[in-house]
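One chain, chain A, links the two complexes that follow: it is found with chain B in the first and with chain C in the second.
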Partner chain A sequence: MSAAATAQGPAQSRRGTTFTAATLLLPILLINAIGFMLPVANLAVISVSEIRSSGAMTGGWSIAKWTTVATDPFYWELLANTVRTSLIVTILTLVVSYPIALCLHRMNGAWKSILLVLVISPLLLSSVVRTYGWIAILSDRGLVNSALAALGAQEPFRLMFNLTGVMIGLTEILMPYMILALLAGFGRLDPRVEEAAATLGAPPYRVFWRVVLPLSLPGVALGSLLTFVLAISSFITPKLLGGGRVFLLATEVYDQAIVTLDWPLAATLSIIVLVVFGLALAVYTRILRQIG
Partner chain B sequence: MKRRTFVAATTSLIVAPWINRASAQQPVTINVMAYTGLFQDRYTAAVVEPFMRANPGIRVNYSPLPNSAAMIGQLRAQRAAPQVDVVILDVTVAKVGTDEGIFSRLDAAAIPEINELYPNARFPNVGGVAVTFDNLVMIYNTDAVKPPPTSLLDMATPGMRGRVAIPGLPDIQGMSLVMILDKLNGGPGVEGRFAKGIEAMAPIAPNVQTWEPRPDVYAPIINGQAAIGIGWNARAQVNADTSNGKLAALIPKEGTVFQINVINQVQGAPQAQAAQRFISYALSAPAQKAFTESMFYAPTNAKAQIAPSAIDRTAVKFLDRVVPVDWIAVAGVRDQIMDQWRRRVIPLSR
Partner chain C sequence: MDERPISRILIWLASASFLFLLAPVLIVIPLSFSGDVFMSFPPSSWSLRWYASIGQHPKMIDAFFFSLKLAGAVTVVNLLIAVPAAYALVRLAPPGAATLMSVLTAPLLLPTIVLALAMLIVAARAGLLATPQGLFLAHLVVTLPYALRIISTALATVPIAVEEAAATLGATPLTVFRRVTLPLIIPGLVAAGALSFLVSFDEVVLSLFMSGPRLSTLPVEMYHHVESRADPLVAAISVLLVLFTLFIVIVVDRSLGLARTFVK
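Up next, the complex of A and B:
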């Protein structure tokens, strides 16, 4: 009897743990189902809805938009352009954020707190406001071109209403996210390991290349994923700084949904954005596994 | 019957007519959905408030949205239980709403003002009727462009390189520009998918600074970021006044096209009768006069007697320059025009 009771104990305990886990997971599962799965399912339904050329939904079904997206080279170009632009923005953001994050990680005391607040403070402002700030800086009569003119430049440089403007704007806007992710990843960076490498005669660049960078790779991967996903779904900055010349998936979704009223096409493109997110996540997981 | 029950029943019989009258006098609230910003400010002052003063039993709640597509989006979402009674939006989107059964057909028997409208204010396949006419104009910064432009091709001169602001396709301002150029170059219009108009954009496109002027096309021209562009007359006229003449507007010699806003009653509107009363007022000559004199939209009511100072700033005196456009037919080929725009116009401006 005592042996049976002993065997029953762990089984009951396992059941209890499973029940507790299920209860704890239930709220997030419900939120996810209502806030994410349901809208995505709705998007899928809209993407196969029939639409007249005027924009009126007929209530019927059609895969015309999926066929259009699959066969029209414009949409393939759009996808390639979006992924390429987001990748470049991610790399630029990483390059400018990494030294700042490393510097912050190595700081102590009040200065660290002050600088951290400065890094995070742009997040308190809407990206619309920050983008308008960039318009003031990058326009033909803006800060940069005025300074260049003072130095003798004859013609203003076209720094916005093109891809250059979009990249500058997005890089700055996404920097706080990258810095925060890098700081989280720098947790594994033990200064004693760097000291050990230096003591063994490694010059600073080799310490960085062989010790600091490998140990910070999880943070780099996380920051890159976050920045890439945010860049690919960015809509306001490309719209304001692109001048109608930069076609990205997010701006196209807006145009189709809000201007031309082609909801099925907008839904189809939105699902493609989700697929790209999924692929980015898969790549991130694979990289983490390789690092780890 | 107990004494108390008898007293209560008698009292309620005596008081009932007053209670009914009081509930009948409870103000009815109608929701009117239309454009936000300048349109909301001027329309509220010129039409909504005078209507409420004339109809104390009806309160109007103005629901502003930035554009027609956003309005139809909200109406689609409310289809099972409409919350909006009256909607003012672009005619192409009104056609979509009519096709989807969102708008009911306005009846001249219930709204006699419909009989006073110009013939081109009524459409066979749209439930509502036109409430405002606007038209495309050239706009320019008076300090930067001297002498004033006269032709759309003034946007193609070398001096305007990087100084032109055009709301490009799919915005209907860009579409209007293409249609005017198509007509100018002998294009057949919808049948030819405005190919001649697209072709005629070639000298203008390299000068374009932005195809997406924000927050609208008027602000960058007023502040000097751009020098010249195209816009809608009504907003251009108001901006000309508020900028103290920094911005000016004119109808180019190549012509203009009308943009039409339609007033619609939502199918199953919660307050159908009050909604009809509002539509009736909005289409009436006094309301049309007030709004034209406030914001320079051309009136759709033929009986509206507009002050010369206002009518001169609409397209009414330039009807010979108006290029006729069937917006509903244009909406049907918009994808094909858009495709050509992306392939043949945008690359020229990079």
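Up next, the complex of A and C:
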């Protein structure tokens, strides 16, 4: 084919190549269009569709759901709660992930690979399994409360079915993403720079604050964005560890879509999730420009 | 390369964080050998009753086999679609290849809950809710971007000179691909296949939206069980799943090194 194509001249050959490429790309483009583009575009349409009290679509248009969401204080509370929770989870995740990432960055050899695999491996387990593990740790008859009881505590500590449990679980669930992002960011961190600072008499904490931390900021920013975005959209952990008592945007999307079957409302709420996502991305870009 | 010893404080902090990260997975192992009727930790007695009781939950077993078949089908079709697509984008480099790549990997960027709701609404209209076809399509949409990216990376590392040499010697493009390119990207194919399989097998958000009482996957069944009852059954299933995942990870690691798949 290539010989024939050359004989026909470069223009025709390029057209032929493009045609072949289009044919090879056709299946993936079709799946992307049917399974991704179309449903997402439809979501925007649904959020402004009119529904009867039975839940059936009338075919008409309505901004009723948007006005409901904008005027009902419940949804503002929901939004504030979601953003606050996700921010706290992001900070907690950063604090517990940073030492692991820094340690991994400074290690080499077989240990590094083994620990790296251990960091990644929770990603390969369903979040249901990991959340279930947290229930065994945090419930009234779980590990923490058994230990406290053995130490003489009279009443179990409520660590589950509230925001505390949700934040503990989410922090752990999102750690691997943060660690990987931090590791990627540590690429710029040359140990010789640290050594230079130490040689010049800087104590270790000073080296950390003045050299290590500033150089790792791009990784911190990326990891925080990733964690925040995953936190606002996660609902398995809030559902199971919140026990129906913790209300976040994502859990509300699920409840409206599956339990109440109010699709326009679910669509409206999920578009709000997207808006928060977009805002987070904008903040990230700004921060990156300032530190970069 | 760093000769400086890692400071002791850092090691302590990292170890504590590591324990926190692995705690929920580690606790499930002893819990699965509990002899109690309800979940409590530490268990008051030990037994294998929860492993034995898996057999009395036909819904879990059905869901496991369905998940297995689904993940298998998704993996095979995924590779059949992603390999030509990656080849087209990397080797034929049609106009707008970079844009196409971002469009095709966009499903990974969208928050899963938004994608799940979007799919639910369309699937309900098309009568695809709680059908194997609906779940298959949904899983394909989220696993294809991974496969496309990994295979494209693998293809980009194959020296083009090798392919050109084969073509100069008279091999047709298809022969070049089959006899030269394909063998060279096998590690990438294994990685893409294994990742697709695990992502599909563990997927819970999309599956939760797309399944129903008639048909659901193992993670969805486990989710419903944990939501309604606190007993060690899911611990026993989880241990088996961890072993299963470990097996796949070891197979992949043997053939190319897991770390390289994620951290380039």
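Throughout what follows, the second predicted complex is superposed on the first by the 254 of 292 C-alpha atoms of A that agree within 3 Å, B and C clash if a C-alpha of one lies under 4 Å from a C-alpha of the other, contacts with A are read in each partner's own complex, and residues count from 1 in each chain.
Following the convention adopted for this analysis, a residue touches a chain if its C-beta (ideal position, glycine included) is under 8 Å from a C-beta of that chain, and two chains touch if they have at least 3 such contacts.
This one's a predicted model, so the numbers in the text were calculated from it and none came from an experiment.
Asker: Fit or clash for chain B plus chain C once both are placed on chain A?
Answerer: Partners clash after overlay.
Asker: Determine, under the contact definition given at the top, whether A:245 touches first (chain B), second (chain C), both, or neither.
Answerer: first
Asker: Look at A:285 in the shared chain and tell me whether it touches chain B only, chain C only, both, or neither; answer first, second, both or neither.
Answerer: neither
Asker: Is A:137 touching anything from chain B or chain C once the two structures are fitted on A? First, second, both or neither.
Answerer: The answer is second: A:137 touches chain C but not chain B.
Asker: In the superposed arrangement, which partner chain does A:161 touch: chain B (first), chain C (second), both, or neither?
Answerer: A:161 sits against chain B, while chain C stays out of touch.
Asker: Mind working out whether A:13 is in touch with chain B, chain C, both or neither, as first, second, both or neither?
Answerer: After superposing on A, A:13 lies clear of both chain B and chain C.
Asker: Given the superposition on chain A, which partner contacts more residues in chain A: chain B or chain C?
Answerer: Counted on chain A, the partner with more touching residues turns out to be C.
Asker: Thinking of the overlay built on chain A, is A:260 touched by chain B (first), by chain C (second), by both, or by neither?
Answerer: After superposition on chain A, A:260 lies in contact with chain B alone.
Asker: Between chain B (first) and chain C (second), which does A:28 come into contact with in this model arrangement: first, second, both, or neither?
Answerer: The second partner, chain C, only.
Asker: Which of the two partners, first being chain B and second being chain C, lies in contact with A:67: first, second, both, or neither?
Answerer: A:67: touches no partner chain.
Asker: By the touch definition above, which chain A residues appear in both interfaces, chain B in one complex and chain C in the other?
Answerer: Overlap of chain B and chain C footprints on chain A: residues 139, 141, 239-240, 257-258.
Asker: Please give the residue numbers of chain C that touch chain A in the complex, ascending.
Answerer: That would be residues 1-4, 6-7, 10-11, 13-14, 16-18, 20-28, 31, 38-42, 81-82, 84-85, 87-89, 92-95, 100, 103-104, 106-107, 110-115, 117-122, 137-138, 140-141, 144, 148, 167, 172-173, 198, 202, 204-205, 208-209, 219, 222-223, 226-227, 230, 234-235, 238, 241-242, 245-246, 248-249, 253, 257-259, 262-263 of chain C.
Asker: So in the complex, which bits of chain A are touching chain B?
Answerer: For this pair, the touching residues of chain A are 52-57, 74, 139-141, 156, 158, 161-162, 239-240, 242-245, 247, 255, 257-262.
Asker: Which bits of chain A are touching chain C when the two form their complex?
Answerer: Contact set of chain A toward chain C: 1-2, 17-18, 20-22, 24-25, 27-29, 31-32, 34-36, 38-40, 42-43, 46, 96-97, 99-100, 102-103, 106-108, 113, 115-122, 124-137, 139, 141-143, 146, 169, 172, 175-176, 180, 183-184, 191, 194-195, 198, 204, 229-230, 232-236, 239-240, 250, 253-254, 257-258, 263, 266-267, 270-271, 273-274, 277.
Asker: Residue numbers of chain B touching chain A in their complex, please.
Answerer: Chain B residues touching chain A: 67, 69-70, 72-73, 76, 92-93, 95-96, 99-100, 162, 168, 170-171, 209-212, 214, 224-225, 328, 331-335, 338-339, 342-343, 346, 349-350.
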